[in-house]
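See the structures that follow.
In what comes next, subunit A is part of two complexes: it sits with subunit B in the first one and with subunit C in the second one.
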Partner chain A sequence: MANAPVSEYRGNIHQQQKELMEDWYQQLDHAADGGDPPTVSMMVSGNCVELLEGFGAVPIYPEVNALQLAIRHQSLDPILAAEDMGYAADNCAYVKADIGCMLKGITPTGGRMPKPTLVLCNFVGCNTYVKWFEHVAAFTGAPLYVLDVPFLRGEEPSAADIEYVVRQLKEVVQLMEKLTGRKFDFDRFRQAVEHSRETEELWSQIKHFSQHQPAPFDAYFDAITLMGPLYVYRAKKEGVEFFRSAHAELKSKMDAGEGIYDQEKFRIVVEGPPPYPYFRAFRDMFAKWKACAVASTYSTVGGLWEFGFRHDPARPFESVAMHMLAHNVTNRNYLQRYDQIRRYVQEWKADGVIIHFVKSCRLFSAGQGDMRDYFTRQLGVPTLYIESDLEDPRYFAEAQTKNRIDAFFESLEHAKQTSGRAVAV
Partner chain B sequence: MRIAAGVDVGSTQTKAVLLGDNGERSILARALVDTGANVRKAAETAFDKCCQIAGIPQSEVGFVVGTGYGRYKISFGNAQMTEISCHARGAHFLCPGTRTVIDMGGQDAKAISVGPSGEVLDFVMNDKCAAGTGRFLANAAEVMGISLDEIGPLSLRATRPVKIATVCTVFVESDILSYLSQGKRAEDIMGGVHLAIAKRTLSLARRLTIEPEITMTGGVARNIGMVRALETVMERKMLVSPDAHYMGAVGAAVFALEKLGESFESSVWREHAVSSGD
Partner chain C sequence: MLQDLSLGSVRNWKEQHPGGKAVAFFPVYAPVEIVHAAGMLPVLMSGAGDRLDIQHADSRFGSFICSIVKTTMEMAMTGHLEPLDAFLFSSICDSARNLCFVIKRNFPQMYVDFIHLPHSTSDASIDFLSEEYRRIIAELEKLGGVVVRDDDLHRSIALYNEQRRLVRLLYELRARSPHLLRAWESYVLVRSGNFMPVEEHIDCLRQALESVSEREGKKRDSIRVVVEGSFCEQPPLEVIRLLENAGCDIVEDDFSLAQRWFTRNVPVMGDPVRALAESYVHHSVYSSVRHDTTHPRSEGLAEKVRRTNAEAVIFLIAKFCEPAYFDYVLFKQKVEQMGLPHLLLEFEEKLFTFDRLRTEIETFVESLVFD
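Then we have the complex of A and B:
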């Protein structure tokens, strides 16, 4: 596009994020030399990074590796390598990209990946992970622990659910003690939970900044930048410092009335992860319309904190279990997800909802057609449904996606002109 | 008289319409060319042809809005709008009671909910698959060795339409060949093909609230068999304008005219007005 508006805000947080993430990859590279620090392969969603701190262990997130590949336009080769081996076209593309990397001996950053001390399958909301992590364990030769987190069936987990997860967390502690030869440092664990509580409070406040008009940051695209430190460093002093700095930076933007565009024209809520192989092109499609995401469900995959939940140093194991069971978007039931988006639309004053269906993730995406019906028919909220994939570039049709997004904003614009309103909520 | 144009560069054909306003709006001319490989040339040819038919020099056309997939390739265009907005606006212009538009083009099938001012309230489209589009019909016609103009009337003579299980534009060929080998009548096969597409379109449209009046637009609207099949499965009458095929271009021309009359403004097309590419 010849004259697209500047689509993103680049502040100190972006540079600090880059440095933190590079530091994380260096720690992993260093661990490849001989297991120091210990490393644990884990799922982002509902991750229990606090527990790892009790051993000074560093997380490996296969999803983050996969998305890093995609955003660097390098995901197709490993996906094809996995398909050559027999993984089906319909398999999760994150899985195929990660497995393909192992087959081809590559990493997203070019650095080394250690053999994990433990493959911890905390399969929160995604049963594909059981197979994925079994395969990771098989490829790396690392021991596997499957941490079974029951789906949230009602509003809150039962006492039995919490106890069930806590007992497993304690088993993980025992297993890690055996594997590392280190004694679990309970005080350090409790301190990590306290750090998480502080980070979560800052992050929650940042999320609420985008209720302001104009929003000082994009709570989808910019939130993704902040998600790396949130999942890797949340339970560390560096994480608290990073989010304190981000909080100050974004608050000052908010107080100065600065948005991400010269003029914020549309406010949207986004459901679903982005198409990482076309991240820039996708963002520009919204930037063209000066549309700012004021909230997103994807930024709550690793934890949902803007509605009040915090880790609790007085009950460290129980609060880690509560986080895994009830306070990340993928383990919650669909009606709760509807309600989360409804609150975003109403409390964050959005003009419409964008649903991005992920072709290779049926578990997250199934039911989004009904979700669209709920918002358009029952709440009268303009809702756009688009399909592609978070990792596999073959599923992204740029012209079609752009056409739908343009038509959606045209319709919002016409609605504003004809009725003077943007949304029927 | 204010004169504006709409040019709809579709995947198969390019349509151009000139709209005049001297207190009353009317279509001055329309032109149709095959899009082919040179999208830019197709747009120029259609626009040029349209001006020639109307006997109006291009310099008198005050504003040109391009639409369709090739809209950004229209070198002489002042602005671009999606065909979703344009079909809704065009249908509202020619059939003001329109509340639902079913548009079937060469590679797209879409359903659009239209507001009382011709604005898009909601829309759904086929995704990355040509099932339920003109291409599906064209493939079926080719396998049968029948021209596209004949398949609609032929389908109306079906007495026992076959069941076409697939909606895949590629696999429909093997379904048809199988029925031919069983000695099924061409009428019944084409009747089945039309019903299969109509049912698929219905399931697409059901994602919206289907409200009358329903206006059918796009090239496939010229196929009487498709119109009747849709009416059968939707249990509703379809409005089909003689300009159904041109509806996207008509809507684009309406936007262009409104821009000239300053009754419509877009935040985005001002940017495109100085942009020659995308």
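Then we have the complex of A and C:
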């Protein structure tokens, strides 16, 4: 297989996504002039962007900034700047890139980043988030509120869990009223929850399109294109329109029997974030084998909707709380992630699971050896385990990664030809 | 006892208490009063030190994961946790969070649970944590076939208040007269409480306090240091000795915080569950695994330095311990603002050569002595 086939689908979605994200950065640039619109630093995982709409506030997502830098090969300088000031080689590189940028005045687009009206740490299982936002607050001088979301210890959140989060959401409302001098617009909040419900329905249907053979899009690499609008615009009219258009575009591809390759040879589930500094190279390693991701856990960081959860305008605070507690991959417990992947393998009819260990992110990666044991030994699902990083270009061993990916698909191919069972690589 | 991976003291306790349950918890803190009030033995599992080769756990927890997570998993996979009936974890870091569920999957015979200790000091946090403790109490009642009454909890709280008071006294004594009580001695003494019934530990602490006060010793010409960063995985005893032999008087540290978690007594009246929750939210010691936006942890460190008249801070951080690495950045800035020298050292539970650490420590101490 000499040349990698063209794998990337470039339809209207990509152009619209680019415009939306540019518009978002322009709003942030504008806010740098003097606090209008108000801005709130928030984490992508289990974000409560609906609540912000009640104040007409715009989210700042440090993770999105960090990944934009990495994908443009600009993450190493700020990482090194952060290490110079004391961050360890083994700290999350997202944090280092973000702090490094803040200190050096770098932004992904070259525009300005405002001092946030509020640093809202939506703590959903990731302990690094708390530290990260403490540092953001310390370095920007902006006020910090830690919204403590109980980790999902059992299958479902308890009544006490939900009440705890709702009470804190209401505290955030009071705090924002004080900080912005604006009154919380409950109707607009409820409308935002309604928009989210619509967006989520469309997104969930899109995710189910990849159950089709061939899948009309790659639910790992292409899903990332859709994730920006999902987190920034989910609760706005523009978000609903974007997803309506993406839905129509991908549905017509599915109905026409178009996949991402001329022929879909392998269907995979991917666990873990991508290596953004080598995003293109990494994608090509799978394209070479005409392997399409039919589902991924990374695309459920901000919310897990394909199993049925929707925001509910009849219970806006409670449903925002439920989303933060139980319907994003980071706040769900580790065994629930095993089960999520198991469902993907079975219901999306995948040939194997790619487990991408990411050095920066222990939330994703600690224990993935056990996850692999579960899939290979207990379920007999072929798995591939590879290691790199999502932000730091120093941890990507290109030749070694490629060799392992090649070996995995060779083994899968052989198993398909001989009707045998593939092994783990 | 600290060396005994077979958990002999736990086995002994179980022999003496037929049907009794041993409830382990992973660092840094757990509401031990609840376990004790259920008639069970709380056991703080803080790794296997250098006494166990990692042969199986590496296949479950790969690169860039700290040693204590791996040695705990290794102990589980090699049958060392057999005397334990339950294992509790809490929201201290992402690796420990996942370890909880990996243990749960692989050892279904054990009751494994995760306590969400709040990262906020909102009033809502106290109500939530009270409910969380009630949930754990119900689980323990099921496990032991027992009923936990308020009176039982009050008695347990009083006992642990006494344990914490004695440990605080021990630390005060050490800060006042480090030549009479070395840090490595108090470390062993406090840490032995991990495996011992609290009643026995209280006796040990009382005896120790009595005998130390009778000691005579000459003051040394040493540097008073605060050691910070070893709140979960514990450094080898050798490292603590190294610091002391190099001329440091360790006047404060964050080793074994569990035995002095609260800065004051938990009230022994009213609703005991709420008293424990309220104490956690408002009267915990500062630690890198607990977040209180109203009192930054760097202020906690500064207060520790001032209270003990320390002349330097040594950051002693376990390899791959992300909470400690993060806090180091803001701590370092604070210590520099205070005009104090500081040194960063990394350790793993399993260290066989101490030459590099010794050189770093000696160079640091010399630079201060001859300054």
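In this text, the second predicted complex is superposed on the first by the 417 of 425 C-alpha atoms of A that agree within 3 Å, B and C clash if a C-alpha of one lies under 4 Å from a C-alpha of the other, contacts with A are read in each partner's own complex, and residues count from 1 in each chain.
The criterion applied here is as follows: a contact is a pair of C-beta atoms (placed from the backbone, for glycine too) under 8 Å apart; a residue touches a chain by one contact, two chains touch by 3 or more.
Not measured: the values here are computed from a predicted model.
Per the definitions stated earlier, placing subunit B and subunit C onto a shared subunit A by superposition produces no clash, and the two fit side by side.
Residue contacts after overlaying the shared chain place A:Arg72 against neither subunit B nor subunit C. Of the two partner chains, subunit B is the only one touched by A:Lys265; subunit C is not.
In the superposed model, the angle subtended at the C-alpha centre of subunit A by the C-alpha centres of subunit B and subunit C comes to 80 degrees, rounded to the nearest 10. Between subunit B and subunit C, C contacts the larger number of subunit A residues.
Judged by the touch definition given at the top, the superposed model places A:Phe151 against subunit C, while subunit B stays out of reach.
Using the contact criterion defined above for the overlaid structures, shared-chain residue A:Asn403 touches subunit B, although it does not reach subunit C. Once the two complexes are overlaid on the shared chain, A:Tyr164 sits against subunit C while remaining clear of subunit B.
Of the two partner chains placed by the overlay, only subunit C lies in contact with A:Asp370; subunit B stays clear of it. Applying the stated contact rule after C-alpha superposition, one finds that A:Leu335 touches subunit C and leaves subunit B untouched. Of the two partner chains, neither subunit B nor subunit C is touched by A:Lys183. In the superposition on chain A, A:Ser411 makes contact with subunit B only, while subunit C stays out of contact range.
Superposed on chain A, the gap between subunit B and subunit C at their nearest CA atoms measures out to 5 angstrom in whole units. Residues 369, 373, 385, 387 of subunit A lie in contact with subunit B in one complex and with subunit C in the other.
Note for the complex: subunit A touches subunit C at residues 85-88, 90-92, 95, 123, 125-128, 130-132, 134-135, 137-138, 144-148, 150-151, 153, 158, 160-161, 163-164, 167-168, 171, 333-335, 338, 357, 359, 361-363, 365-370, 373-374, 385, 387.
Against subunit A, the residues of subunit C that register as touching in their complex are 58-65, 69, 91-95, 97-102, 104-106, 113-116, 118-120, 122, 124-125, 127-128, 131-132, 135, 289, 291, 293, 296, 319-320, 322-323, 325-330, 332-333. Across the complex, subunit A meets subunit B through its residues 1-3, 265, 288-290, 369, 372-373, 376-377, 382-383, 385, 387, 395, 397, 399-400, 403-404, 406-407, 409-411, 413-415, 417-418. Contacts from subunit B toward subunit A in the complex involve residues 69, 81-85, 115, 117, 119-125, 127-128, 207-209, 264-268, 271, 274-278.
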